[in-house]
Amino acid sequence: MAILVDSSTRLVVQGLTGSEGRFHGLRNRSHGTDVVAGVTPGKGGQDVEGIPIFDTVAEAVSKAGANTAMVFVPAPFASDAMYEAIDAGIGTVICITEGVPAHEMLRIHAFIAGRDVRLIGPNCPGALSPGKANVGIIPAEIFREGSIGLVSRSGTLTYQIGHELTQLGLGNSTIVGIGGDPIVGSSFIDVLALFEADPQTEYVVMVGEIGGDEEEKAAAFIESAMTKPVVAYIAGFTAPPGKTMGHAGAIISGSAGTAQAKKDALEARGVRVGTTPTETAELVAELARG
Amino acid sequence: MAILVDSSTRLVVQGLTGSEGRFHGLRNRSHGTDVVAGVTPGKGGQDVEGIPIFDTVAEAVSKAGANTAMVFVPAPFASDAMYEAIDAGIGTVICITEGVPAHEMLRIHAFIAGRDVRLIGPNCPGALSPGKANVGIIPAEIFREGSIGLVSRSGTLTYQIGHELTQLGLGNSTIVGIGGDPIVGSSFIDVLALFEADPQTEYVVMVGEIGGDEEEKAAAFIESAMTKPVVAYIAGFTAPPGKTMGHAGAIISGSAGTAQAKKDALEARGVRVGTTPTETAELVAELARG
Amino acid sequence: MCARGMTSRGGRLARALDLHEYQGKELFRRYGIPVSDGVLATSPAEARVAAEELGGPVVVKAQVLIGGRGKAGGIKLASSPDEAETRAGEILGMDIRGHTVQKLWIERASDIAREYYLSLTFDRSAKQPLFMFTTQGGIDIEEVAATSPDALVKLHVDPLEGCHPWHARRLVYAAGVVDPGEQKQIAAIVGKLYDAFVGADAMLCEINPLIVTPEGEVRALDSKFTVDDNALFRHPDIAEMRDVAGADPLEVLAREKGVTYVKLDGEVGVLGNGAGLTMSSVDVVTFAGGRPANFCDLGGGGDAQGVVDALEVITRDEQVRSIFFNIFGGITRCDEVARGILQAVGQMGLELPIVVRLDGTNADAGRRILAEASLDNLHPEATMLDGARRAVELAA
Amino acid sequence: MCARGMTSRGGRLARALDLHEYQGKELFRRYGIPVSDGVLATSPAEARVAAEELGGPVVVKAQVLIGGRGKAGGIKLASSPDEAETRAGEILGMDIRGHTVQKLWIERASDIAREYYLSLTFDRSAKQPLFMFTTQGGIDIEEVAATSPDALVKLHVDPLEGCHPWHARRLVYAAGVVDPGEQKQIAAIVGKLYDAFVGADAMLCEINPLIVTPEGEVRALDSKFTVDDNALFRHPDIAEMRDVAGADPLEVLAREKGVTYVKLDGEVGVLGNGAGLTMSSVDVVTFAGGRPANFCDLGGGGDAQGVVDALEVITRDEQVRSIFFNIFGGITRCDEVARGILQAVGQMGLELPIVVRLDGTNADAGRRILAEASLDNLHPEATMLDGARRAVELAA
C-alpha cells in the first residue's frame, strides 16, 4: 500500500526538460517510479531519455495516462503549473518548487477545497514510498521499506531522521515532506489521516518545527482520530522566543509557537516527543520492539 | 414536507426596511412564514412591525436563529448580500432582486459549489409551500396545498399555471421560481431532485421557456433519475427562430433553444408537454385522476 | 424580431447590449488586443477623409448589428480615397437583412496569411466562461463545429480561478498552432480577451477572423462584443455606445418609456406582465388563429402610468387591430392596471377593441373599475384562453 | 536573534520583508488609506526643515523594525522646528532593543479622540486572510485579546470570494462603532487594506492605532507592513525598501552571498543544509552543552563556492571558536561540500577547528576528499550527535 505514491503512480514531470527537473525526474525513474511523461510548453514531441514530452498536462493525461504530477518549474510559473495539473484531472500534485508567493497558495488552497485532488508542497522534498515510487528529491538510497510513516515540514531533517531509523533497522511505508511554507497544500493532519488509513503503516513519526500551530492541531487530531502510535520530533528547542508574525500571528494561533509549547501539547495528548533526531528514532525503535 | 421553505423556515429579509422588502416581508409573514429578522446596515435595533432589524446577517443568525434569507436589496448590492448570507451560514438563500450582473452570479455560483447552501434566483419570484411558508413575491392566495411540485423559470407564468391547477381542484406542495437569468443559483435539475425526494410531492410541473438548454438537460435527468411523473410547459412556441447568444451560444448548448426542440427533447424522454397553460393543467389533472 | 430579445430573464426579457464592430474594437484596443487602425464615417466625404488619413488601401465596412455583412456587399476594399468615397456611397443606406447602414468603419486593409477564430462567452449550463478557438477561422463557426468538431477547441474557465497562462497554452497547442511567434501572440490575446470579458461585463467577445499577416503579426480583424445590460450601471461609457439611431423607432420609444417591447408582424397587440406570461400570451393568440402584432411586457411593477406608456407604444403600430391585455397580478396590482387602461383610453382617445383579462392581486377591484367605466371598446374575459380568442376575433 | 527568522520554509528559512512605518504608510497612501503628512529625516537639521515644511506641531518618530518604540522614548512630540531638531538629536543614534535609530519620520501631529486597531494577516491554519478589528486600539493588542477577547472582532476572508462590503460592515458593527461617519470611513479603509494586502503580497498589514480625530476623521497613525519575500520579484519597488543600513552587518553580508544566516551569542559556529536540519543542529549543540554562535543554512544547492561564502560569514564573528558542519546530502552533494571546505581553508587560512559530518548523496566521496587532505583542524565525525559533541569540546 503506502500513501500518495506507489506502484500505481503514473508520473508527469512539469519542467522535465529543465536541468533540475531532468536530474530528479530521471533519478525518480531509476528508483522505479513510472515516469510516463514530461510537460514543457513548446517541446511537445521531444523526449527525455525515452520519456515523451507534451506541451500540456491535458495531453500527458490523455495520451500517457498520467495520474500524478511533479511540479519543477520556476516559482513565478509554479502556480500556473499547479492549476494546469489540477484542471487536467491529476489526482496528486507534488510541487517541489520553492519560492511560490503565499497569496498564490492561498488562492490555490481555496480552489482545491472540495475538489478531488491532493496537493503536496510547494517547497517540499516530495514523497517516497521505498521500493515502490519516489516523487521528488528525497534520496531514496538512505531509506528502506517498512512500516513507519514519516511526515515532516522539513527536508534534510527528514533524511536525518529516516537515516537514524534505518541505522536502527527500521523502514518506512512512505516519507512525506509537506513543505514549510506558510501555506501548503496538505497539512500534518491530512497526511496523518492517510497514514491512519494505510494498512502498511503501523507507526508514524511526525517531524515539526517552531512557528505556527500545525503541530498543536495535529496533537488534537492524533488523540481524537488516530489509533496508530505517533512519535514526534520538533526542531528549534533552543531558538530564543520571539515574534512569529507580529502580534497578530500569536493571537491567531493562540500558541506561542515554541518547540516546548508544541512538545507540551503533543505530550498532553499522549504523543512521545524526542528532543534530538537520535532520541526520536530510539523512541520509535522502542515502540517497534513492543 | 414540501421543499426549500416550510414550517421550519426562519426567515431573515435582507432589505426589510425598503418599501418592497417591507411589503413582501410582511405579506410573507401574514401567510404564516416565520419572519424572524430583517437586516439593514445602520438600522440595527429598529423593528418593522415587531420584526427586529439587525445590522448584519451574522447577528440575525446568532440572535434570531435565521436559517433562510430573502434578498431584497437593489441589484448593485445584491451579490454582496448573497455572500453575506452564505458566509453567515444561511442554508437557503432566495434572491428576488432583478438586474444582478451575470459575471457576479458566475462567481457566486462557483463559490457555493461544494458549500452546504442552496441559492434560488436571482430575479425570481421565490418559493411558496402553501399552508406552510411563502418566501418571495408569489401571491399565495391563488394556490392551495396539494401534491404537485411546480418549478418555473418564469414569474407570472407560474401564477397562471398554478391558477389553472387550482381551478381544476389541484394543489401544490411547493412552487419554485428559479429565475430566468443566464446564471441562476439553482437549475431545473436541482429543484427536480428536491421534488423527487420530497414525500409530499407526487407529480411535478416544469415550466420552461425558449433559450438555453436547461429544459433539455432536465429531460435527461427526468428520464434517468425521477420516478415521479413530470408534465412540462414551454413558452415561446411562436417566437421566430434566431440567435440566442451569437453563433457561440448555439454551439455551446448544442440545442436550437426553440420551444419545439425542447418539447421534442422532453417528449422523447416520456415527459408530456402542454402547448398552453390550460392544456398543461389538464394534462396534470389527467395524471392526478389516474 | 430577434429571438435573442425573447429570452426571458424571469421577470423581464434578457437584454444585452450588442456593440458595433468599431465599438468592440475600441474595447479590444483598451484591453491591449491588437486591431487595425480605422476611422468612423457617416458619409462618403468622411470616408474619403478617413481613407486619406489612414493612407494606402482601406476596407469600407458597414456597421450594422447583424451577421452576413460581407455576403450582403457591406464590406468592400478601396485602394484609394476616391474609391473609398465611391464604396461608402454604395454601402451607406444599404439594407442588410432589415438593418439600414448608417455608419461605416474605414479601416487600413490587412494582408492575411491565415484566419483563426477566438471567442469567449457564457456557457449557461456549465455556468462558466467558455473559450472557443480554431485555426479554421474566417468562415461560419457553426459550420466548423458541425463539420470538423475536433478542430474547434473548447475550454472552460473557472471564474474564481480566473484565466491563467495554461488556458492559453491549452488552446493554442490543442488547436495545432505551430509557429512559436503566433503561439505567443495568441496566448497574450487570450489573456487580454478574458480581461476584456470580465472587465466590461461581456456576455460574448468574439474575434472572427483573428488574422495572421504575412509578416506573422496576429490581429483582430472583426469584433462581436455583447455586454450584460445588468452591469451597464458600472460602465457608463459602454452604455453610451448603444446605437439608438440604428434601432427600430418603436423599440427606442419603448426603451425610453421603460417598457419591454418587440415588434412582430400581426394585428393583435399583446400586453402582459412578466416575460413568460407575455410570451405564452403570444403563443396562445397564435394558437387561437391570430397573428400577434408585438410582444409587450409591462414588467414587474406595472403602475397606471406604465400601462399608459405601453399602450402608447403598442398603438403607434398601425397594423394593430385589437389588443389583448393579459395580467396576472403578483407585485402588479390589477386595480392599478385597470386605472391605467381607463386613463390611456381617455387621454389617447383609443377606439381599438381592448380585451382585458385580470387575475391575481386586487383582480376583483380591477374588474369592478373596468365594469363601472362601461366603455364600449373594453371587453373583459375571465380566462387567458378566452381572452386570446376574443382578441383574435376582434382583430379579424 | 529574532525567532521569526527561525521559521523554516521546508528548504530554507522563511523570510519576509518588514517595512518601516514610513514605508508602510507610503503603501497605505498608494492604496488610498488616509495617513498624516510626514517627511523622512536622518539628521537633526533635516528634522528641523521637515517640521518647518509641515508647519505646526509634529511628532518625531524613530524608524526601527522593532516594537515598543514609544515606551523606549523613540516617539516624541515637538511643538516647533527648534524642538523637532532637539528631539531628533535625542532620538537619532538611540538603541531600541538592539536596533540603532538611523532614520526619523517627522509627521504632522494629530489630535486623537479615539484609537482603534485594524489588521489583516495570514491565518496559517485556516489558510485564509484574517481581519482583526477592535475599538480598543493604541495599546498592546495581545493584551486586548487576552483580557477582553469579545472586544476583538476576527473575520476571515475567502481569498476567492475576495473582500466585499459586508466584511467591513461585519467588522464595524460587531466592534460597536456607532458613529455612521466613522463606520463609513472604516469600511472604506477595510476594503483598501485588503487591496493593499493582496496588491503588495503582504503577510501582515497592521494599523495600530487607527485614530479618529476630534473632527471625526479616521486615519492610520502607525503602520506595520510585512511583505512576502517570495513575491518580491513582482514588486521591485518594495524590494528596494529593504533597510540594509539598519540590519546586522553579518546578516547583510550573508544576504549578499545568498547564505541564510542568523547571529546567535555562543562560540560554536553551526552550518547545515536545510533550515530544519540546521535548527536541529543548533539544538543538539546546545543539548551537548555548547552555545551556538549562529544559525547558518547552506540552502538546497550548496556548491563549493556556497560553502566558502558561508564560512566567510561565520568566521567574521570573532566569538566563534569551533565550527560544526552538519550536512545531509539530498540535492546537496557531499563531495562538493568537502571541496568547498578545503577551498575555504586554503583561501582564508582558517585555523579554527572544523568538525564535519557528511551523510547522504556522495558522502563517501566527500569523506575521502577530506581524509586525503589530512588537515589538522578538520575533524570528521560519523553522526550528527557525535559531531555536535566534538564541536562543543573543541570550543571549550
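Per-chain numbering from 1; labels A, B, C and D assigned in written order.
The rule is short, and it goes like this: contacts are C-beta pairs under 8 Å (C-beta built on N, C-alpha and C of every residue); 3 or more make two chains touch, one makes a residue touch a chain.
Every value quoted in this text rests on a predicted model; they were computed, and no experiment measured them.
Contact count check for B-D and B-C (C-beta pairs in contact): higher for B-C.
Most remote from chain C, judged by the distance between CA-atom centroids, is D. Distance from the chain B centre to the chain D centre is 54 Å, each centre being the mean of its Cα atoms.
Centre-to-centre spacing of chain A and chain D amounts to 27 Å, using the average Cα coordinate of each chain. Distance from the chain A centre to the chain B centre is 46 Å, each centre being the mean of its Cα atoms.
Counting only residues that touch two or more partner chains, chain C has 158, 160. Residue positions 107, 110-111 of chain B each touch two or more of the other chains. Contacts from chain A toward chain B in the complex involve residues 113-115.
Residues 20, 75-76, 98-103, 106-107, 109-111, 121, 123-125, 137-139, 142, 152-160, 163, 177, 179-183, 207, 209-214, 217, 233, 235-253, 257-259, 275-278 of chain A touch chain D in their complex. Residues 1-4, 6-12, 14, 67, 119, 121-125, 127-130, 132, 140-142, 145, 152, 154, 158-160, 198, 201, 203-204, 206, 224, 226, 228, 230-231, 233-234, 272-277, 279-280, 282-284, 286-287, 292, 300, 328-332, 359-361, 383-385 of chain D touch chain A in their complex. Interface residues of chain B, counted against chain D in their complex, comprise 41-42, 44, 55-59, 77, 79-81, 83-84, 87, 107, 110-111. Chain contact summary for the complex, chain C toward chain A: residues 158, 160-161, 164-166, 169-170, 173-174, 180, 183.
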